[in-house]
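Chain lettering (A, B, C, D, E and F) follows the sequence in which the chains are written, and residue indices restart at 1 in each chain.
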Amino acid sequence: MMLRGLFVGRFQPFHNGHREAIKYVIKNVDELVIVVGSAQVSHEIDNPFTAGERIMMLKMALKDILVDPLKCYLVPIPDASMHSVWVPTVISYTPPFNIVFSNEPLTSRLFKEFGIIVEKIPFFNRDTYSATEVRRRMLVGENWKELLPGSIVKVVEDIDGVARLKELTLPDSFSKR
Amino acid sequence: MMLRGLFVGRFQPFHNGHREAIKYVIKNVDELVIVVGSAQVSHEIDNPFTAGERIMMLKMALKDILVDPLKCYLVPIPDASMHSVWVPTVISYTPPFNIVFSNEPLTSRLFKEFGIIVEKIPFFNRDTYSATEVRRRMLVGENWKELLPGSIVKVVEDIDGVARLKELTLPDSFSKR
Amino acid sequence: MMLRGLFVGRFQPFHNGHREAIKYVIKNVDELVIVVGSAQVSHEIDNPFTAGERIMMLKMALKDILVDPLKCYLVPIPDASMHSVWVPTVISYTPPFNIVFSNEPLTSRLFKEFGIIVEKIPFFNRDTYSATEVRRRMLVGENWKELLPGSIVKVVEDIDGVARLKELTLPDSFSKR
Amino acid sequence: MMLRGLFVGRFQPFHNGHREAIKYVIKNVDELVIVVGSAQVSHEIDNPFTAGERIMMLKMALKDILVDPLKCYLVPIPDASMHSVWVPTVISYTPPFNIVFSNEPLTSRLFKEFGIIVEKIPFFNRDTYSATEVRRRMLVGENWKELLPGSIVKVVEDIDGVARLKELTLPDSFSKR
Amino acid sequence: MMLRGLFVGRFQPFHNGHREAIKYVIKNVDELVIVVGSAQVSHEIDNPFTAGERIMMLKMALKDILVDPLKCYLVPIPDASMHSVWVPTVISYTPPFNIVFSNEPLTSRLFKEFGIIVEKIPFFNRDTYSATEVRRRMLVGENWKELLPGSIVKVVEDIDGVARLKELTLPDSFSKR
Amino acid sequence: MMLRGLFVGRFQPFHNGHREAIKYVIKNVDELVIVVGSAQVSHEIDNPFTAGERIMMLKMALKDILVDPLKCYLVPIPDASMHSVWVPTVISYTPPFNIVFSNEPLTSRLFKEFGIIVEKIPFFNRDTYSATEVRRRMLVGENWKELLPGSIVKVVEDIDGVARLKELTLPDSFSKR
């Protein structure tokens, strides 16, 4: 029987930690479904990039690490209105899968409550390989590029992503008060 | 004319303060509608339990305090998209009622703006008989059981509720970054 | 182990067919969860009554047929935004159940796809004991009362339900054109 | 005390019947709130025009009939998710009003259920002064312009409204099958 | 060609800064569309007033500063579910406009991403002419009236707005725990 | 400059007409974004298949016709709440595209109103290569397999798709009345 795995991320933005995780996971399955979570969200401080931009990043990254594109599905999924229906929403948007790879506690619990197997992923430099750290560095002008694959750095630059993020953190001004 | 009262709570979880309040209210009406508010929410730190679990707690509690079940309605109601339509949403989901029992300022104001009578309830050990305090004790391992009726303690244990709550407070990890 | 069953209806309005079905089902379970479906809908030709009114009808009917109210849950549930999340929405709003009683094909399929047992109910005068037939008779002035338990007839009359239904079918007039 | 009236329409498009009705209503109140209903809908066969376009039509029409613009409010309001909260949604979006002018049965019933006075408006050539008739004539190439004030005809022409309506009725083609 | 401008605010409440901004903007355009943003929100600490109340404030203010009412549109618009569709939602609810006046960074970015010209407005005593400051003064009992036009002060008093705001900040009490 | 095209379909199910259209389109662009529209819908007579099932069909089909998978994006997108924001929703979920291929009038109009180029696709046996015809044949037991690529026939059979579709068309029965 074919083993199809599921990997969930928000990829705001995609970074080296995601890359290492996918390299690890892909070795353990026949096919991999990568869910781009919170797909409807963008232009927020914690979620600056659109689903379309994040899919582009993933496409680049999969090409870089030489994953067979026929083995992978990239699926943007909007948030559910209630936690209790998020897993069936994912099931409805994806091909059938046998196993979920996740270290995130709520994601893991929700899948387990539906009887789905969840496995953890080894962490890779968790302190720096995190999207929160990437966005922090972008905002304060530190070296964020070393945390991302080169091709993703280029995507961020092409869409002028750092400027967008900085604008989102400017103090609210007149018209909104 | 029959007097039908309305009592609103989130019951996350049901505790001794709710029990005392319902015992007080039920003496003053012919029938009582108990609204399980924010029914669509669960698996959140402040809202760990599903509407179904909360209804079970209420059913147990009403049995414990020997309320005639024919006198009570248990009605889960999801949040409205805007405060200004919450009261008519409640009206649509419930049998007609003449009076609301609430100490909560916004609930009281919204009902009053619709011309509905709102009465306060005496507080019962407000500092400890609060769901916030119950959840705090669950998380830090203090004695939460003394704040709940015994039958509700059993419901929480049957659904492994403390473990769920603790998982919801674990730090966000890899897959969500 | 306790056997808890689930019965789903829209009850627009509750009629003798519902009564017979519940009498049949209740004999086969320890507890019964009755879901008032499409709870958010009212004031429509096919859905004239509010969830609150329908819950009142059910309360009356359960009392009439001498069902132990401690064995029954009445749970209004709004429609889900997509069929694929309707079953988990029901699960979230209700105590755990082991079996669903339904003759409706889509309801049956959706529960079965979640691995839940579904059993059919014997029909009772299906041609006349139907809410569609009740509403038709209300509109044309035929004898609709013989299709409902007497206590439900009274609820409909108290809320002037036939007049409401008739108004909903008047031709659209000026302001909406 | 000031008398402020409310008049609800979809104005798809504004026609001579609306004009006569507003002329009638405005004489009976100090101020008038005109609600542009189903504001979120456009590009549908029965709702071709956006709320913005419909507001422009109303502005033109009020100018034509020499209504004091300080006496009028034009308020677009999206549909509510349930009939039972539509009236409070209207109340939330509008200045306080004392009376509603409407011939539409559901609108009238919903306002009356909230204890608000509803008065009927005399009809003006109801058979031809209807938006349904206007759209029908637009589609088949008959004389629709005679049913609209001249200034509104111009708005429709400026936005190429007839072409839009015709496109919306073309048979579904390849990509949607 | 006619120049139609767009000005966006939440007006919670309308204050002297809004007045000065509108006086500045109106001189630079033929017509002005004033969007009442977050129209669906009220009865919140940061958003105490309904859209209807805010529209009344604007109507008063425009009359005070002698703006020709035929030149102005007041359009309440609910929030969009995602930032990326907020601008087209605004476009759908308003007459066509050529230029947006805003100092708010996210508003400006979103309009610019759709190719629409955005101009800044000179600030007028930004520290005190802000709705945040007005609400702060209302809550602590300082002089808020000096920050609002006199006619708006009257609207706030007529609807007992300060009492409402204060109630919204009372500590959550029993029924919500 | 790279030319990236967009092709929109519901694929209920994918059939030979879709295959021919994609073969035609792919020759004219460097990359192709295929949108799986109405992604949230399934288990309906006109929309029996989930987004996940439809993505599987497309993956198979692209493999069959030897399209380079690195050149293609498969993106499920839920319906927008209003037509006027559907195009920006698509833009938000997809990589930037220069051209849309569509024969569907509303799709074409909505993209054109946003200034996006739309080109038509030659039809391929339009009368029989249509999903409506496929579903009709499935229901009445005619030869539907000749209208689908062989690999898609297998997907439909693996998920027992014809049985699901037939169940969805059974007459509504007891529990829903």
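We take it that a contact is a pair of C-beta atoms (placed from the backbone, for glycine too) under 8 Å apart; a residue touches a chain by one contact, two chains touch by 3 or more.
In this text, all values refer to a predicted model and were calculated from it rather than measured experimentally.
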Graph distance between chain B and chain F, where chains that touch are linked: 2
Chains contacting each of chain D and chain F, listed by label: C, E
Same-residue or different-residue interface between chain B and chain D, half as cut-off: same
Recurring contact interface, reference C-D, options A-C, B-D or D-F [over half identical by residue number]: D-F
Rounded Å distance, chain B centre to chain E centre (Cα mean): 36
Between chain E and chain C, distance of the C-alpha-averaged centres to the nearest whole Å: 46
Distance from the mean Cα position of chain E to that of chain D, given in whole angstrom: 26
Numbers and ranges of chain B residues touching at least 2 other chains: 40, 42, 50, 81-82, 84, 91-92
Pairwise touch network: line, ring, star, complete, or other: other
Interchain pairs in contact, sorted by label: A-B, A-C, A-E, A-F, B-C, B-D, B-E, C-D, C-F, D-E, D-F, E-F
Residues of chain F touching chain C in the complex: 40-44, 50, 164, 167-168, 170, 172-177
Contact footprint of chain F on chain C as seen in their complex: 7-10, 12, 15, 17, 21, 37, 81-84, 101-110, 121, 123, 126, 130-132
Residue numbers on chain B that touch chain D, as the complex places them: 80-82, 84-85, 87-89, 91-92
Complex contact set, residues of chain A against chain F: 39-40, 42, 50-53, 55-56, 59, 63, 69-70, 73-78, 91-96
